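Look for chain A in each of the two complexes below; its partner is chain B in the first and chain C in the second.
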Partner chain A sequence: MAKDVKPTRKNLMEIEDRIELSERGHGTLEKKRDGLIMEFMDILDKAQDVRGDLAQDYQNAQKKINMARAMEGDVAVRGAAAALQEHPEITTESKNIMGVVVPQIESSRVSKSLDQRGYGIMGTSARIDEAAEAYEDLLESIILAAEVETAMKKMLREIETTKRRVNALEFKLLPDLYEGQEYIEQKLEEQEREETFRLKKIKEKKEQAEKEEREAEEAEAEDEDEVAPDDESGDTAEPDMEQSTAGGVPGGD
Partner chain B sequence: MSAGASNPEYVNARVRSRRASLFADEDYRKLVRMGPSEIARFMEETEYEREINALGARFSGVDLIEYALNRNLAKHFQDLLDWSEGRLYDHIARYLRKFDVWNLKTIFRGIYTDTDPEEIRTDLIRAGELEDATIERLLETDSIEDAIEFLRATSYYEPLTVAYEEFEDHGALVPLENALDREFYENLLADVSRGPSAEPQEGPEAKYVEFLQAEIDFRNVRNALRLARSGADLDPAAYYIDGGVLFDRADLGRLVGDYDALVDHIAENKRYGDRLSGALERLRDADSLIQFEHALDAALLEYADTLSSIYPTSVSAVLSYILAKEREVENIRAIARGREVGLDETEIEEELVIL
Partner chain C sequence: MSQEIAVVGSPEFTTGFRLAGVRRFENVPDDEKDDRLDDAATAVLEDEGVGIVVMHDDDLEHLSRNVRQEVETSVEPVVVTIGSGTGGGGLREQIKRAIGIDLMDEDEQE
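Our next item is the complex of A and B:
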């Protein structure tokens, strides 16, 4: 990732902003994850209780209906069940637990009194009442279990998502950003060093050129001085030698 | 209503032979060790053979047993009506009208839930007085109102018409079913007893009245205890059946609110207190009414047996046979269903079977 980023100061600033945001987000998400886990543990305890009750209610209801079918006959039990057309009503609302929207199921007309079950009271027995009551209890338990278990599943999914986000920030995004930041910083420093060195070199070259120019001017001035007093050949050899020495210094560098 | 003289001697002679073919204790002991298919096989070798064979192609397992039992019960009770004449016919028919009530309730429930007539037909027990043609016409009706209209010529028409208004208001079958049951119970004693002063004091008819009063009292007891246990805000008087000796309407209204007083009231009654003392003790502590209902059923059966042995050629003996036959059907069904759902032998013997 780091190599894809252009090592510019602007990018460095952007990355620094992103690091700050990500660190803040990481902290918040960690807190959210821990909070969700605590809420989840509460719901888990409740769900375990509800599950236990549900299994017990189911067994009880099965036993009651089996006894009713045995004593009253299947036909009588089916007949009593057919005497009611009205179904229980279920309404769902939602509540928010740390940002997770979980359902809240409200049921009505599940538990009925003796005269609301549809079958006549005078011609039936307590066995049918008990079977009906056991199934009403079972239905209540199922509705409660549906609410708690859906909340549990949603919480679990949210915990997973939050955990993935925290891990992604902690082990992927933030390390990448730190790497990018370091890369840009190093590159920028390197560029700075190169620039300094380059400037230094230019300065040196410039100073050298100035020096040579100055020397050349001085040599020229000396030549002119020598030609003017006498025209001896030995006099002409000295500037030549100086010239070659002057020329030899840059070459020897 | 049948014309002509009563013929209890003839009917009792036939009934005695039928009674002899009822399953003995030994048979039940064998049955509780069998699975549903073995029970069906066992029944095929008894007097249920014809019904098992006739229904074997349509049903299987415990359903086959239950439908065969119902059909056999209907056949036997129809025979009783065919044999009997005069006042005896009236007495028997009045008691067997509970199957008419059963059939009407089944038909109403079928219409109410828009069930296929063929499915309703299989659940009927044609042991009552209503003719097959009437039942068939009722099965073809699409609305409860039309069905009630078809019953115009019967005694059920008037109470059903009144209850229908309530049904229209609330949309539940409860008033119609209660009206049918009330009509049955309150007519049990019609023509036999018109209040305590007009009751026969001795002889077979007095015993017959005593038995019917016990049936009504036990029904009132069941309903009172169910109302008391349910805690629902229901008017007990609406569920009171006239004709018993245990409660009057005011007693029931007062006692339903106080469960212990209700149990005490039953225990203090001379006629039933001793007979039900064991069951009442259990009822005080138990959460369930089922064991008490079990005890009531057993007490009623014992009552009928006593009556039949005092006057062996009276209608009481016939009623005793009707109850014994019903008990046989219930026992076999209970054993088969109990075995089907995996109850062990002890549970079946203790909780289901009344010998």
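Our next item is the complex of A and C:
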């Protein structure tokens, strides 16, 4: 990733912003994950109890219906079962636990009195009534278990997602961003060093050029100095001569 | 919205629930479970009027891999399995995966 980013100050600032955001998000998500796990532990305890009751209710109900079958015959039990008029219904409401919407299941018409069941009292025996009652209890337990297990499943999914997000931030995104930041910083430092070095070189060259120029000038000046005395004597002699001649002429005249 | 409870399994398993008033049921005789249980489970899972599906633990063995996974992870409707007592076969795996520890195992040992 680091090689894909352009080493510019703008990118560095962007990466720094993203790092800040990611670190903040990572912290928040970690807290959410821990909170969810704590809530989950509470629900798990409840689920264990509900499961225990459910198993016991099921055993009890099975015992009762087996007894009814043995005493009344399978056909009589099935006949009674087919005659039921009232049917249990469930309505779900939702509850929010740390952002996870879990259902709260309300049931109606699960437990019924003898005359509500719909099969005739005369045609069936008490064994069937007992079996029906046991299964009604079992249904109540099942509804409770369904509520708790749905909550558990939903929370587990959320915990898994949150955990994955936390891990992705911790082990993928943040290291990549840090790497990118370091890469850009190093590149920028290197560029700075190169720039300083280049400036130094340029300065050196310039100084060298100036020095050479100065030396050349000095040398030229020296050359001129060396040539100058001859010229001066020649030059000065002439005016003198002119002067002398000039002066000489009037004086001569 | 009011929903119903559905039962899927052998006629012996469903009769008791019918006695308690459950009217949505799928009877699959034991010798036909390998062929028909997948379809029966899918049918109740896809039924929007069903809020809770009750199945026997041992019946999960007869389901194909995809349907079984769907049954174990389904939230709407939620599938409650009863029978051998361990309960939530898929749930245990899910807990292990999400939390990282086998919490149910730890609780059983206590």
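By definition in this document, the second predicted complex is superposed on the first by the 222 of 253 C-alpha atoms of A that agree within 3 Å, B and C clash if a C-alpha of one lies under 4 Å from a C-alpha of the other, contacts with A are read in each partner's own complex, and residues count from 1 in each chain.
To be clear about the criterion, contacts are C-beta pairs under 8 Å (C-beta built on N, C-alpha and C of every residue); 3 or more make two chains touch, one makes a residue touch a chain.
What you see is a predicted model, and the numbers here were worked out from it, not measured in a lab.
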Query raised in the report: Of the partners chain B and chain C, which touch A:Ser94 in the superposed model: first, second, both, neither?
Result: neither
Query raised in the report: So which one touches more of the residues on chain A, chain B or chain C?
Result: C
**Report entry** Partner chain(s) touched by A:Ser113 [first = chain B, second = chain C, both, neither]
**Finding:** first
Query raised in the report: Is A:Gly73 in contact with chain B, with chain C, with both, or with neither (first, second, both, neither)?
Result: first
Requested in this report: Look at A:Ser125 in the shared chain and tell me whether it touches chain B only, chain C only, both, or neither; answer first, second, both or neither.
Outcome: first
Report task. Residue by residue on chain A, keep only those touching chain B in one complex and chain C in the other, then list them. Result -> 62, 78, 82, 84, 86, 117
Query - Residue ranges of chain A in contact with chain C within the complex - result: 37, 40-41, 44, 47-48, 51, 54-55, 58, 61-62, 65, 77-78, 80-82, 84, 86-92, 105, 108-110, 112, 117, 128, 131-132, 134-136, 138-139, 142-143, 145-146, 149-150, 152-154, 156-157, 159-160, 163
Query raised in the report: Within the complex, which stretch of chain A touches chain B?
Result: 62, 66-67, 69-71, 73-75, 78-79, 82-86, 113-123, 125-127, 129-130
Query raised in the report: In the complex of these two chains, what residues of chain B are touching chain A?
Result: 62-63, 66, 70, 101-102, 105-106, 109-110, 112-113, 115, 123, 171-174, 176-178, 180-182, 184-185, 219, 222-223, 225-227, 229-230, 232-234, 239, 241, 288-290, 292-293, 330, 333-334, 337-338, 341, 343, 351-352
Query raised in the report: So in the complex, which bits of chain C are touching chain A?
Result: 1-5, 11, 15-23, 51-52, 54, 73, 75, 78, 80, 82-83, 85, 87-88, 91, 94-95, 97-99, 103-104, 107
